[in-house]
Amino acid sequence: MMADLATYVLTALGLVFFVAGTVGLLRFPDTFSRLHALTKADNLGLGFIALGIAFQTETWAQLAMLALIWALALLAAGTVAQLVARAALATTQEEE
Amino acid sequence: MTLALDLALCVLILGVALASVAGGGVFRAVIFFITYGLFVAMAWARLGALDVALAEAAIGAGLTGVLLLAALGRLRRMNATSPPHRTGLHLPAAFAGAALACALGWAWFALPAPSPPDLGPVMPQSGVGNRVTAVLLNFRAWDTLLESIVLLAALLGVWMLAQDKDWTAPLGPRYHAQAGGVLASFGRLLPPVGLAFGVYLVWAGADSTGGAFQGGTVLAAVGLVALMSNVMRPPRVSQGVLRAALVLGPAVFLCAGLLATASGGAFLSLSPALAKPVILTIEVALTISIAVTLALLVIGASGDGEYAP
Amino acid sequence: MTVWLHIVALGLLASLGGALWRVWRGPSQADRMMAAQLVGTGGVGVMVVLAALQDWGLLVVAFALALLAGLAAVGFVQAQTPDGAGDPEETAPSRPWKDALAATQAEKKP
Amino acid sequence: MSALVAVLTLPLVAALGVFVVPARLRVPMALASAAMITGAALALCVTVARGGPVMLMAGGWAPPIGIALRADGLAAALIIMTALVMGAVTCAAWFEASPARAGPRMAFGFWPLMLLLWGALNAVYLSRDLFNLYVGLELISLAAVALAALSGTAQAFAAALRYMIFALAGSLLYLAGVVLAYAAHGTLDIGLLTARTPAQGDALALGLMTAGLLAKTALFPFHVWLPPAHASAPAPASALLSALVPKASFLILMRLWFEAMPDLATPAALLALAVPGAAAVLWGGVLALVQKRLKLIIAYSTVAQLGYMFLVFPLAGGGGAAQPWAAGAWTGAVFHALSHGLAKAAMFLAAGIYIAAVGSDRLGDLRGLARALPMTGFAFALAAITLMGLPPSGGFTAKYLLMTSAFAAGQWPWALLLAGGGLLAAGYFYRPMVALFARDARVPLLRSIPRAWQSVPLVLAVLSIMLGLLSATPFDLLQVGRPPPASEGL
Amino acid sequence: MTLTYYALTGAVLVGLGAYGLLAVPHLIRRIIAFNLMGSGLFLFFGAAGARGGVPDAIPQALIITGIVVALSASALAVGLVVALARRSGKAFLPDDYPADDEDRAP
């Protein structure tokens, strides 16, 4: 029961972070602040969701898998945010 | 609740597809198409087709995106002109598309009750527990063998697009990255994880989700990261080892098929006792070839670095 | 629990739908790419939830998605460099990008 | 190892081989394997002619779980025709795709692409499984597109892309039909589909598959991709593209309509297949008349000649009652496919010699070349005789069979079309012949052409004539394992 | 009911892809349309194969084969588009615009 409760709370928190990230992406005025909002929100969001789901896992392997998934997503999101920000700075912003 | 989830997913898929076909701008279309692969992978997960979801995730949401984005970059640097206006086929094409969609929709409701072949009785003889792997590498091995050769033909076709003067140059662009930078660290961190995961997929594919194609695609993707971050150098066509790696999978597959003929069985047949080790051997060889072929398909022909300033 | 997980998955999908709006609007290519990146991370989240909901085997798919999440964006930034094969860090100003961000915001204010 | 397995696997093994071996071993290996595959094809023909159709269950699994392969007379005839054309192209390419002439890129890529195409063609001729046919068709398309782009000019790339768009759209339409067939009947095997319980969606499935295959066969009005693609490729590649590639998708059409779902062949549907064929004969012929380049004339002639093959559908069908002349129409169409393959390959290889000799294929530049290169001129003339359908060529036998069945079935408009198409062919080959055999001109040759090279198209052209002179043997071979609707009418 | 959603989505995707393949001039977008058409067809196939309760493994295997074949074809097509643009400076087929069609003979 405690596990289920933890899942409820943590996944709800994760969802909130995702929604916050999306709202930031939609509402913030310029590219860089949008980038800023987004990287924080989606990483924490996925983290909380993975953590919440972790309380439902049946084996250690699944738990380890979840941890790895989060770690990989963090690595990818961090790298991408850095690189895209640099690319956006380096190139003239052409509008399509 | 289930219905709502599936409906939402279908709406997203259709919306993204519509945006990538009908919206303006090529770059936007490509980005929408990248997200499309992700949603389709979810649809496969909902349909219970895990192996397909894995293939779609690795190919649709991974490799195709890099392929298209790199092509757009090349087109832009060549200052290739975009078409001035729509083709005259606009209305007939819309009509044909609508007719096709309606015909398929009608056919769905007209389908008789399903009568799939029963794989249950023959599964024990296949040597593997995953039905999809059994179909791919045993029951319909001839399809899979031909498909691995299709990959090779496509790569050969891409190589033939090089200019004669560039023929001996390394394949693809001349990637470079700042030493110790973010990209280079990414290129160092990801490949070991991907390698382990790819090997796991091939190994696990015999009895659960995975297989040579999925494993090969994952390996190709991390190989690409290593190439793009300059951790690994792209090869040249003239390297015998490279060409050997490319034909290894089909060659081992053909050998196994012909050995079966030589020992009195049908072409490509596997005796139940030996089926598992032979399938695993073929899968390992196929994975290597698929990984190398896919990575090279994405980076393109030799001499693509000629636009360096 | 099943119902709740469905709700979470639906909520995630809705949030991704919002991100797709940014892909549509742009205006810069970097905006579209970052929004796609958010969709990618959200997709991993959906897949994780689906794994708990349907079949734990889906964790493998989620893993593949997470592993390849950065691939398209790396392809994008390389295509943006002058020769299409470089690293934005080689050409960008050497100060951290947050300073650059502050600078662009400062330029905008007056 | 049976001849069937050899025909199926040897080209693929050889393709992998020439891909891997060092440059100096490439051509010897290609030549040796071409000889071996031709031997295997001959052996398969003898086996089929003597002992009837050969079946093979790939992997030892019978349909609907596995894939069945079957060599009947039709498949064996196409396999041997393909082997003859491929053998000739190998010899011609030995001269033409050498590193010295064509550069290291083409000298590397031509051989594996050619062998992959060969393997894919044989796989398609033999397969009885609709999805396996799809994979085979894709292999054919990719290899063919790569061959069409081989010369590396902007025109070649544009033509190859246009070809690819048609080929991809055609593949997907075909695949849509395959999906519907499997969803309804739980099998992909042609034999099992013959014995299916008819379902509502069958006509749609057959229609989609047919539409896709028509786009791939370049039937009018889907022909627009063909002439630029075939004309801008290097000559040996053009020979393969024009002589062989459209035959594979046509064969699948025959298998679908005569073997898998003959019950759906209504007179209206058969007419709908033949009318574009007739339009192709006329339109292709008219366009061939106005071309200024030899390769484009030959390519437009392919558009026209492919049209004749579609006359088999109304001539073998109709009426309802059993038709004594259906067999004639069916055999005539296959004869046409065979003789067109040999003659068209001969023509493109001859054009390749001319381009090598004078560096151009504009008719004006070819004046008087028959005097400098008499063997090639003779080969071109013989091939033209076959394509015009004059006796005693294989083309004549084909048209004779089609025409007699048209009269017997009371469908005389098709007979008129056959006669008119022959006249058009005479018209469009008249201009290159006049140029080649002109007496007034003397062109300086850029290089001397070895006699061995010149004899290659001649051998093919002679074979296309022999097909008419010695038509009894191929005629008997075609009867082996012929589907009942082909002899009794659709 | 769920399967019907996916099958109909697949059918619409096929139509959408066919439209794009025929009518959209930019070649990269045509390649995208081809991929949409293919994946829509696979979705339809997958839904059809899942009707019997237990998912049928044969369609899944065929779909995986189809996905790989589609990727091979896309890669070759993308290569051709880049090669065409390098030679002619255009990312579309010149023949689509008869107005600026020049003499095609080399």
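Which chain is which? They are A, B, C, D and E, in the order written, and residues in each are numbered from 1.
In this text, a contact is a pair of C-beta atoms (placed from the backbone, for glycine too) under 8 Å apart; a residue touches a chain by one contact, two chains touch by 3 or more.
Note that the coordinates shown come from a computational prediction; the quantities given were computed from them, not determined experimentally.
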Q.
Using the touch definition from the top, how many steps at minimum link chain A to chain D?
A. 2
Q) Which chains are shared contacts of chain B and chain E? A) D
Q | Co-neighbours of chain D and chain C - touch as defined | A | B
Q) Looking at C-alpha means, what's the farthest chain from chain B? A) D
**Q.** Top-ranked pair of chains - ranking by C-beta pairs in contact
**A.** B-E
Q: Could you pull out the chain whose C-alpha mean position is farthest off from that of chain C?
A: D
(Q) Suppose each chain is reduced to the average of its Cα coordinates; what separation in Å results between chain B and chain D? (A) 31
Q. Taking each chain's centre as the mean of its CA atoms, how far is chain B from chain C in angstrom?
A. 22
Q. Could you state the distance in Å from the CA-based centre of chain A to that of chain B?
A. 27
Q. Rounded to the nearest whole Å, what is the centre-to-centre distance of chain C and chain E, using the mean of the C-alpha atoms as each centre?
A. 25
Q. At which residue positions does chain A touch at least two other chains?
A. 68, 72, 75, 79, 82-83, 96
Q: Name the residues of chain D that each touch 2 or more other chains.
A: 131, 135, 138, 142, 145-146, 149, 152, 157, 176, 183
Q. What are the residues of chain B that contact at least two other chains?
A. 2, 27-28, 46, 48, 63, 72, 74, 100, 104, 111, 114, 116-117, 119, 139-140, 143, 147, 150, 153-154, 157, 161, 163, 182-183, 186, 190, 193
Q: Would you please name all pairs of chains that touch?
A: A-B, A-C, B-C, B-D, B-E, D-E
Q.
Touching residues of chain D toward chain B in the complex: what are they?
A. 1-2, 5, 8-9, 12-13, 15-16, 19-20, 22, 56-61, 64-67, 69, 103-106, 108-109, 112-113, 116, 119-120, 123, 129, 131-132, 135-136, 138-139, 142-143, 145-146, 149-150, 152, 157, 176, 180, 183-187, 197, 199-201, 204-205, 208
Q.
For a test of understanding, state which residues of chain D touch chain E in their complex under the given definition.
A. 131, 134-135, 138, 141-142, 145-146, 149, 152-155, 157-158, 160-162, 164-165, 168-169, 172, 175-176, 179, 182-183, 228, 232, 292-293, 362
(Q) Could you list, by residue number, the parts of chain C that touch chain A in their complex? (A) 1, 4-5, 8, 11-12, 15-16, 18-19, 21-22, 26-31, 33-35, 37-38, 40-42, 44-45, 48-49, 51-52, 56, 59-60, 62-63, 66-67, 69-70, 73-74, 76-77, 80-81, 87-89, 91-93, 97, 100-101, 104-105, 108
**Q.** Interface residues, chain A side, partner chain C - complex
**A.** 4, 7-8, 11-12, 14-15, 18-19, 21-23, 25-26, 30-36, 38, 42-43, 45-46, 49-50, 53, 56-58, 62, 65-66, 68-70, 72-73, 75-77, 79-91, 93-96
Q | Residues on chain B engaged by chain E in the complex (per definition of touch) | A | 2-3, 6-7, 10, 13-14, 17-18, 20-21, 26, 29-30, 33, 36, 40, 43-44, 46-49, 51-52, 55-56, 59-60, 63-64, 67-68, 71-72, 74-75, 78-87, 89-90, 92-94, 96-102, 104-105, 108, 111, 114, 116-117, 119, 131-132, 134-136, 139-140, 143-144, 147, 150-151, 153-155, 157-158, 161, 163, 211, 213, 290, 294, 297-298, 300-301, 304
